[in-house]
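These notes open a run of structures that come right after.
In the two complexes that follow, subunit A is the common piece, with subunit B as its partner first and subunit C second.
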Partner chain A sequence: MQPLLDAFSLGGTYALAALGLGLVFGVLKLVNFAHAELITISAYIMVITNDLPLVISFILAAFTATVLAIITELAVYRRLRGTGPAIMLIASFGLSVGLQKSYELIFGALPRSAAVAPWMTGSVEIAGLNVTISSLVTVALTVLILLAMGYLVDFTTLGLQLRAASSDFKTARLLGVRSNRLITSSFAISGLLAAFVGFIIVVENPQVEPMFGLNITILALVGIVIGGISSLRGCALGGFIVGFILSILNTFLGNARVYAYSYLFLAVVIILLVRPGGILSKQNEMERV
Partner chain B sequence: MNQGGFSASEISKSFGALQVLKGVSLTIKPGETLGLLGPNGAGKTTFINIIAGYEQQDNGTITVNGLSMDGMRPDERARAGIARTFQSGRLFTQLTVAENVALGALGLGVKPHEAQARAEQTMDILGLQSLATTTAATLSHGNARLVGLARAVAAQPKYLIMDEPAAGLNESEVPKLLNALSVIKNKIGCGMFLVEHNVGLVARACDRVIVLATGVLIFDGAPSDALSNSEVKNAYLGDASFGETI
Partner chain C sequence: MTLLTVENLYSGYGKVDVLFGISLSISAGKSLGIVGPNGVGKSTLLKTIAGEITPKSGSISLLGETISGRKPEDIVRMGLSLVPEGRQIFSGLSVTENLMLGLTGRKDKASSKVALDQIRELFPVLNSHATHQAGMLSGGQQQQLAIARALLSNPKVLLLDEPSLGLAPTVIIDVFEKLKEIIANKTAVIIVEQRAHLVTTFADETVVIRDGQIQASLTPSDAKNEEMLRKAYFGTGS
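After this line comes the complex of A and B, so read on.
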């Protein structure tokens, strides 16, 4: 049961990361590599404010990641809008590296560490089986967040505008949808999702360094491509699949787990050969950055 | 300057050395349906792109009820009362018909419940209620055109610009479109500007017709007069078969 729970837990975490990336991609057609640094800053804040009650610590982390996401949009991406996808992509790389170096200056190159929510590292017995609390909390948390995101996307005006913009941003704008407000909202939600991801990871791995969020972000990118980059559901599903497969591989490969990524990417290639536009896409050719 | 209604005055536009529009002027009264005919290359698309704000004219001015549209972006013009449909439909394919139509109003800042009510009303009068929960990607070409029209109507525009709404429709779908235009005219009452190749549709749907040829307005009058005008015949088709296309 524990391996399965771990797989759902990691899948859920990757789904949240992929959803954050997919939200921004949907409206801007931008792969925001700096999403990794949003995850990292939230983890740093959780570690630094470890003495505070967990809820307060998380609120501070979420606030910081959200504000940073909005600042990156207002200070960098908005100014470069219209310059073309290549420029935006390079800017996103630059922003990512710049933030990593800033973290290095502020927090140091060595990992900062503290036990965040140590009660989550214990285990409980369910139906005679021992399962870790962190896995249970992560699964519950991701289910709740995904349900909330599902509600936001499917039943609110903001969600409808996000889906419209993801489908055809130019037409949405021509119809009067306030594009700047929509894009800023996407970055804000993306920052909030990054904070949840940062929290989930830092509980398991409290060694926070400047490149803390990079690995999950790259794998989440793989997830949104295989899930269907033009669909938010596809992004979440793709992220989940990547996390789930990776966890299962790590569990069952034993000493051969060093090849886990090889098998994962083999699976990704097979999926893309069968569904070039991603699992949930309705078209095979899409604009990509 | 026309204070009540839509007015385009002395609109000129060049692309490099090619002058596409040469001082074109027109007015549309509130509730009037004006048709625009012209052969390929006449400047029709450029003209409606300028009206909707997708391109800026070199000279001339556009007003709606006395308010200048010059320099306004397309979304600002949409808020000022100019809605348009697109030749390619441009529906949000992953959204339902009801969501597509509601977005016509939501985009303009209308409150969600009001936008939903407008969407339901518009789908009702255009006979689209049965398709409300259908995903736009699965619509037939004809229904997709009607949904695009409904989305523009849900914005409750003062003036509705339609870019070849009959393009690609089969013979059985054209009467449905004609009926929809009649319903919009009678129940919504907005002014309409119909850019169309289907001469028969323009003759039936429009109160008045203008004809462009090589960027110059060569006719402005009743549809029946256009069909018998020799200059229009020559410019449009270059032969006497013009009237037979109806």
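After this line comes the complex of A and C, so read on.
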């Protein structure tokens, strides 16, 4: 049961990371590499404030990641909007590296560590089986967040505007959708999602260094490609699949786990051969012409 | 009462100039047709008025307030709505969701429900497809949805870019019948069309654009004069 729970837990975490990336991509058609640094900063804040109550510590982390996401939008991306996708992409690389170096200056190059929510590393017995609390909490938390995101996207005005803008931003603006407000909201939500991801990872791995969020962000990017970059559901599903497969491979490959990424990317290649646009790609939407 | 005034408008894309000194105006409950061959700047004119393109010079005012250079999302709130070429409905969203998006630019949110009911009355076909994916509607139904969606922002001026594009002749008649009802409700309507005869017959006034400039102005009675139409449209009678 534990390997399966771990797989769901890692899948859920990657789904949240992929969703954060997918939200920004939807409205701006930008792969925001600096998303990794939002995860990193929230983990740093959790470690630095670990002597505070967990809720307060998380609120501080979430606030910092959200504000940083908004600042990156206002200070960098908004100014470059309309310059073309290549420049925006390079800017996101630059921003990512710039933030990593800033963290190095502020927090040092060596890992900062402190036990965040140590009670979560314990285990409990359920139906005669021992499972770690962190896996249970992660699964419960990701399910709750994904449900909340599903509600936001499907049943709120903001969600409707997000779906419309990710389909055709120009027309959405003609109907009155405020572009700046929508894009800033997307960055804010992606910052909040990054904070949840940072929290989940730092509980398991409390060694935070400037490139802490990079690995999960790159794999989440792979996830949004296989899930279908044009659909938020696809992004979350793709992220989940990558995390799930990776966890299962790490568990069952034993000494051969060094090849886990090779098998993962083999699975990605197979998925893309079958569904080139991603599993939930909008290319598959029915349209009468 | 003049709702929209365009004066000496110059516009284009980057270094490419498309419109050269366009001036026109329209009053409440009137219709204005804009015709001309492909690539003369008809759509550019509508996009510039709606805020998609920033004009190079000249002025555009709506109800006496300058709108040139403003964002499209602000202009729709001021009372001007564009139905873009190709309808541009959100095919992956339901008909109702498309209509809900039309309410985004509405200033008076309190009357949204009443407005939705009125629109459903005006376009009953949308009622029976409310939960359907908009991409599954026929071309004519999609055009009606695009017009209905634009009307939900309660525009004083409605711009339509090629509303007959890709539609069967009988469906075109239906769409233009709806436009008559909209004009009767005191909305000013500007229609860009390739079908010169259709729009000249329909609109109170039709201007012909060639080479980015207004070359002629026609009335419905001119629609009967084929030679005159051809000359105005192509710049030659032969």
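The rule is short, and it goes like this: the second predicted complex is superposed on the first by the 283 of 289 C-alpha atoms of A that agree within 3 Å, B and C clash if a C-alpha of one lies under 4 Å from a C-alpha of the other, contacts with A are read in each partner's own complex, and residues count from 1 in each chain.
Simple rule for what comes next: contacts are C-beta pairs under 8 Å (C-beta built on N, C-alpha and C of every residue); 3 or more make two chains touch, one makes a residue touch a chain.
These figures come from a predicted structure and were not determined experimentally.
Peer 1: For A:160, decide between first (touching subunit B), second (touching subunit C), both and neither.
Peer 2: Touch partners of A:160: subunit B and subunit C.
Peer 1: Once the shared chain is lined up, is A:168 touching subunit B (first), subunit C (second), both, or neither of them?
Peer 2: A:168: touches subunit B and subunit C.
Peer 1: Now for A:142: first (subunit B), second (subunit C), both, or neither, which partner does it touch?
Peer 2: A:142 contacts neither subunit B nor subunit C.
Peer 1: Taking the superposition on A as described, I'd like to know which of subunit B and subunit C A:176 touches: first, second, both or neither.
Peer 2: both
Peer 1: Per the contact definition in the header, classify A:132: touching subunit B only (first), subunit C only (second), both, or neither.
Peer 2: Neither partner.
Peer 1: Can you give me the overlap between the subunit B contact set and the subunit C contact set on subunit A?
Peer 2: In subunit A, positions 157, 160-161, 163-164, 167-168, 171-178, 282 sit in both the subunit B and subunit C interfaces.
Peer 1: In the complex of these two chains, what residues of subunit C are touching subunit A?
Peer 2: 50, 52, 71-73, 76-77, 81-82, 84, 88, 90-93, 97, 100-102, 104-106, 133, 135-138, 149-150, 153
Peer 1: Which subunit A residues qualify as touching subunit C in the complex?
Peer 2: These residues of subunit A touch subunit C: 157, 160-161, 163-164, 167-168, 170-179, 282, 285-288.
Peer 1: If you look only at subunit A, which of its residues touch subunit B in the complex?
Peer 2: Residues of subunit A touching subunit B: 157, 160-161, 163-164, 166-168, 171-178, 230-231, 282.
Peer 1: Which residues of subunit B touch subunit A in the complex?
Peer 2: 54, 74-75, 78-79, 86, 90, 92-95, 99, 102-104, 106-109, 112, 115, 137, 151, 155
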